[in-house]
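Each of the next two complexes has chain A plus one other chain: chain B in the first, chain C in the second.
Right, the complex of A and B next:
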């Protein structure tokens, strides 16, 4: 029994580690206005304020709209809010809601639907994973979180006072006032995020509250271009045009069938069979299709992959060593031979997909990678000497996930460091949850890790490395960096703010808390009939602007 | 008979209790927690989630609460999917069960037929072909069989025919169910056919068959009435474990054909540290297998009158 389980476990990894490839371009089914796409997996959570999963996000994007919504350029456009005004200090927004914004049952969406949803999001006892990420931005949200650890706390006087003092208020049914804690330039695009979408209190309770809301197709309310009309768990999900959506005329595709096929080989066979119009491709599949001259499309998924150094460990505590290890890997070779698609070597930390690449352009190329490793080697020797180490005593261990895909990556890094710098690095492949535990325990030398942003701003990357930041597993600490990030949080002057963030990037380049490797591209292919699919770092799958040819 | 069954049921109950205890200890000693993810969650939220699932209590308390709930038929809420474990099992087990039953029928009918036929045609071409098929079935892992079937029988046939004959994946209609059932049943089919052939050869060489032949009975009567009934006994013996392996081993086939069955939950629940799901699937399958074994043991008594349950 035990052995059988272990065997299955091993298989799950070899089969289950499919690249989360994209879906893109154009597909085509026979009947007019109906397409089938592969979601890749079951959406694990469809309650908008609880969700953090990208597959669920791909469905929610089509069925739920917040105050704002991301347009074709990933910029915030009016959603349920048709217009808004901003106070002089940039902290207070007053949103005017559309009169024709309705839930799928016909109820008009009111400002109270937002107040209710946000109160739920920031009530700690509900356990919304991203609550603390967003709480820093909204006035009264952190206080509310502190006062609502349990349901009893929430009902207490202090809890009720916290609810009364939050920075989001319904001035009347169609007017919502929101107070931010800083003049965030990305405030409006954050409001497009599904966590901050409205929820009708009446329907929420009717469907059974937190234990049931969003668990079945008919147990949640929709206000977006589509509604989920059928949801067979772990198998398929159907989205059909929502007649109550105010802008229904702009939506072309009548019906979107979503399959949940994990196995990339099976998905490919479905695509070849003409039964699925859009599938993601893994590196090898994309390479094959490209070689055949097929129209493989790709998008930058907003993730950067890097070596995270534990700056509390001998050797890794030295910036020269960290820099040498980063420069010692030929990332171009890595992308060409392991990733197998058009992913880009990282030129800085913040990914190029942010702000349409404007910020990355300003940062420029901070990593002068070359095939000449003499300088990197010199740096390494200096750094090791400073720490009283030699190449014989410095033997870092790279922690990564189990599975063949990861293994190829780790082995590549291992070979490169040996060949280019003479460093002997060992590999320790562990289960995903074990890796997370070891990262938060600081039980590693180097981890192969990745990050993708939550909102369209460099801050979504750069505030990772502040001292004691929850994601700063390497425990790197730099007072100057902390000060820059803190200043940028509250900076109203756009140019000054950009400069502060650029300076922060510069410190990363010098101090190397992490060694940037590459920005990931995902590949997908569409059938000839499906056109106009959009896929970006902020909208992994978006069929709102697509149509059937 | 009644006493025997009661005794077995008591043992079964104790076994399941032990199973839960071991599962509890093992899953809680595995590093990592069910709520950790790539992005850090604040400690307050983490605490709230632990409290929500009752994971903030001491382990022994969790254990007794869990046992109490199980006795009331409540397996808790899956941490990853946020839905009741009983609902998830209720949706996915019937699918896996149907897949398993189809595979078992294919393996029994095919295996007994192939084995008996090979035995009767011993040394002839039919025997060689049948046993070659059996060896392939035993040695090629089911995920390769599944992938090959999907590519050649489904995709290539559909493309050649210009229409969908066998769907590539899913569990939506009769044709979609065929390939996964065959892929899952093939290795058992092979095992059964080899066993059946050996057993059939033994029986065919025994004295009473010679007597039957001498009496001038037709070959059909000899094979069907006299030989098969005895030759099939060893096959029935392996049916228990074989059924268990088919019903629990469907993960790979389910994945390749995207069948919404239960297999994936065994694996995903462990990697995700979805405690309630790990315990739920283990209890459910544990109970299921124990009951199946009991039924197989009882079936002996019915099929073979020499086995007297009350005395054993």
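Right, the complex of A and C next:
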């Protein structure tokens, strides 16, 4: 049950309701000390501009700082940039960098470090998966990506011209000018994402460039509160306080040991033995601990899980069929008996963690689910008849990930559709990478997929379904929807923009390109020693404000 | 008949009388030659038993072996019958009472003898349905292995020379690749299902049987009865099928009995690492795999399928041992 993209960006508008999921208060603590947490798996990509996954993100959050950084309220706070000014049209930002911002070897961070990192990010031949997501926002980025398909292209005259015309420029060593393509309200939060963090060109080349940078603890430059001092692959990673960090005084914990234990049962044993201070819990474990009165914490990880329909396949091309399949699953029972925690049935597509739930509230409940399936069944029969199909000839295959949680989920959905609607659905469980490939190739009928926000705005969800969108695997297309999203990109008026997004959400509810299922909550537990841990949809694990009691 | 026998006893005096009469001189006239007692020497004292029957007889005199046969019989019987007579189907979910213990009775009165699993499926039904799948895979896969192995090994052993040389090199190549690796690779390119597991296992599993049969055939083909069959003009395949294979049967049966637990284990192992039967099907391996995630809280969900796997494997292994003893002429009394 991994997401289509695991990357998570944090963002701009404040989270009205900040999920300060700390383990207790932070009173009476002293600095120093050492804690051990379970990271769950090996960080796959520690090179900041190539990063797309949340596991690496959890480490990078502690060792790398961009122009801005997310504070305790998930709002953009000054990072390497000390202050900034915005042009009147809201398109151009000028950042003033800190004089005391240094790399861990003592070199001062300059505006050129940002220019170098961004040039790498948007050079297509480097293969940064997230580049296209960000390229929309920055002037000259899409042109640069088009001109740098190969290294030869990049060296050609056209390539060099593209590098010269980008919207990010070092005015001097400590001043960076950035031009955006629109008045994005979430621009500053996007700048806190690791992909846009600085990289020292000198150190990058010294450590061996793209093939080696970020592959070992000592093959990477750090500018954050911590540095990675030891990295035993597939086993453990050690972060120690960075003496060169400008705000080192505010960091309490001296040393963070990260373990990579995949098996939740094994992690639980270690936690009970006191060798790990923080672990994630699966449904049964959380239920058991809650029953025992332990202090189980939970946080909304910002993800929504849904059935993505391939609208090019017979049956699935009919909105009535898609809607019936979505309504045919008893999500409440799924959450209560399979997920076993505080996760919530989805009311709309945009998850509740965005904008502190304000947007979701405005959308309201667009999915009126009930335990009476006669209507859904009627809808399904109508839809199938329109496509010349019957329940006997309509046999969709659901593609999902291997693994236990997934298996339970698919088995549940399969049984629900059989029981409630009489639909015979087969299950094909494949490796995560295979699933992503099959989604990109359009080789599926239905996929159980998830999406987590990259930045704190409904747009992070809604622009998925524009025609020909990179993540619109179901190839759904709706001209009205496209127009609304494009208008919202450029809209400065907050009210009008919100209305456009609300209208887009309504179209999703009518046309059902995807069938929303639930918003996920994750459970975890900390030892009594570790206090002040923050986990939110935008900062999955954040120990920068934590301390040891 | 008796009369003649009496007549044949000469001298008529008993032994003591002979001793007593020692003083008298016995001449050749006192004895008459009666010849061999053809009838007696042809009398069948014990019932004639074939080799196979004899082995079975000895097997069933062993209490342990009888116990094993009965136990395996019960497991087989339950696997076949239980899913049919159970009020629940294996893929029916009772989502409102998941993870229940033994003899759980729902509010509306229906009872789950072994409780329910984490999705509310009836554990009892799923367990025996899983048994069906596991045992089907084991028997069919081993059966196929056996057929391929006998034909391949028989041909290789009987014809010998270059044919044997080439065929055995092929066996060595196939046997040289770790078979789990082959199975895993095959499973990833074929669609999931019982058929796939059987094919995957059968593709590599026949190698051992082929070697065994070849060894036996080489040993047997030099014996007189084969030479006599050849002399009488029997064709190669007739000799193979009528004379050689029946004589290797005891070895094959023992090997078969030992191969079944290994097939059950392979199936369980594949299911356990996620290459097993697709949902909502269940085998003992997938049930154990599901059970391990909640082992800490509901240990019975892992222990029940694990127990059945263990009992079945132990049963077949011990039975194989007993069969080998029974078939061994050296142990014959």
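The rule is simple: the second predicted complex is superposed on the first by the 513 of 549 C-alpha atoms of A that agree within 3 Å, B and C clash if a C-alpha of one lies under 4 Å from a C-alpha of the other, contacts with A are read in each partner's own complex, and residues count from 1 in each chain.
The working rule: a residue touches a chain if its C-beta (ideal position, glycine included) is under 8 Å from a C-beta of that chain, and two chains touch if they have at least 3 such contacts.
These figures come from a predicted structure and were not determined experimentally.
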Notebook entry, point to check: Between chain B (first) and chain C (second), which, if any, makes contact with A:219: first, second, both or neither?
Noted result: neither
Notebook entry, point to check: Which of the two partners, first being chain B and second being chain C, lies in contact with A:414: first, second, both, or neither?
Noted result: second
Note to self: Contact-wise, after the overlay, does A:333 reach chain B, chain C, both or neither (first, second, both, neither)?
What the structure shows: second
Margin query: Tell me the contact category for A:506 with respect to chain B and chain C: first, second, both or neither.
Written below: neither
Note to self: Which partner chains sit in contact with A:313 here, chain B, chain C, both or neither? Use first/second/both/neither.
What the structure shows: neither
Next item on the list: Using the superposition described at the top, determine whether chain B or chain C touches more residues of chain A.
Entry: B
Next item on the list: Go through the superposed model and pick first if A:427 touches only chain B, second if only chain C, both, or neither.
Entry: second
Margin query: I'd like to know which partner A:265 touches here: chain B for first, chain C for second, both or neither.
Written below: both
Checklist line | chain A residues contacted in one complex by chain B, in the other by chain C | finding: 265
Next item on the list: Would you tell me which residues of chain A are touching chain C in their complex?
Entry: 264-265, 268, 282, 284-285, 288, 330, 333-334, 337-338, 402-404, 407-408, 410-412, 414-415, 418, 426-429
Checklist line | chain A residues touching chain B - in the complex, by the definition given at the top | finding: 4-5, 8-9, 11-12, 15-16, 42, 44-45, 47, 50, 52, 124-133, 145-146, 149-150, 211, 215, 232-236, 259-263, 265-266, 269-270, 272-273, 275, 431-434, 436-438, 440, 450-451, 454, 469-471
Item checked: chain B to chain A touching residues, read off their complex -> 30-42, 44-45, 47-49, 51-52, 77, 80-83, 88, 91-92, 143, 147, 150-151, 154-155, 158-159, 164, 167-171, 245, 248-249, 251-252, 255-258, 260, 264, 266-268, 270-273
Notebook entry, point to check: Where on chain C is chain A touching in the complex?
Noted result: 91-93, 95-96, 98-99, 118-120, 191-192, 274, 278-280, 289-290, 292-297
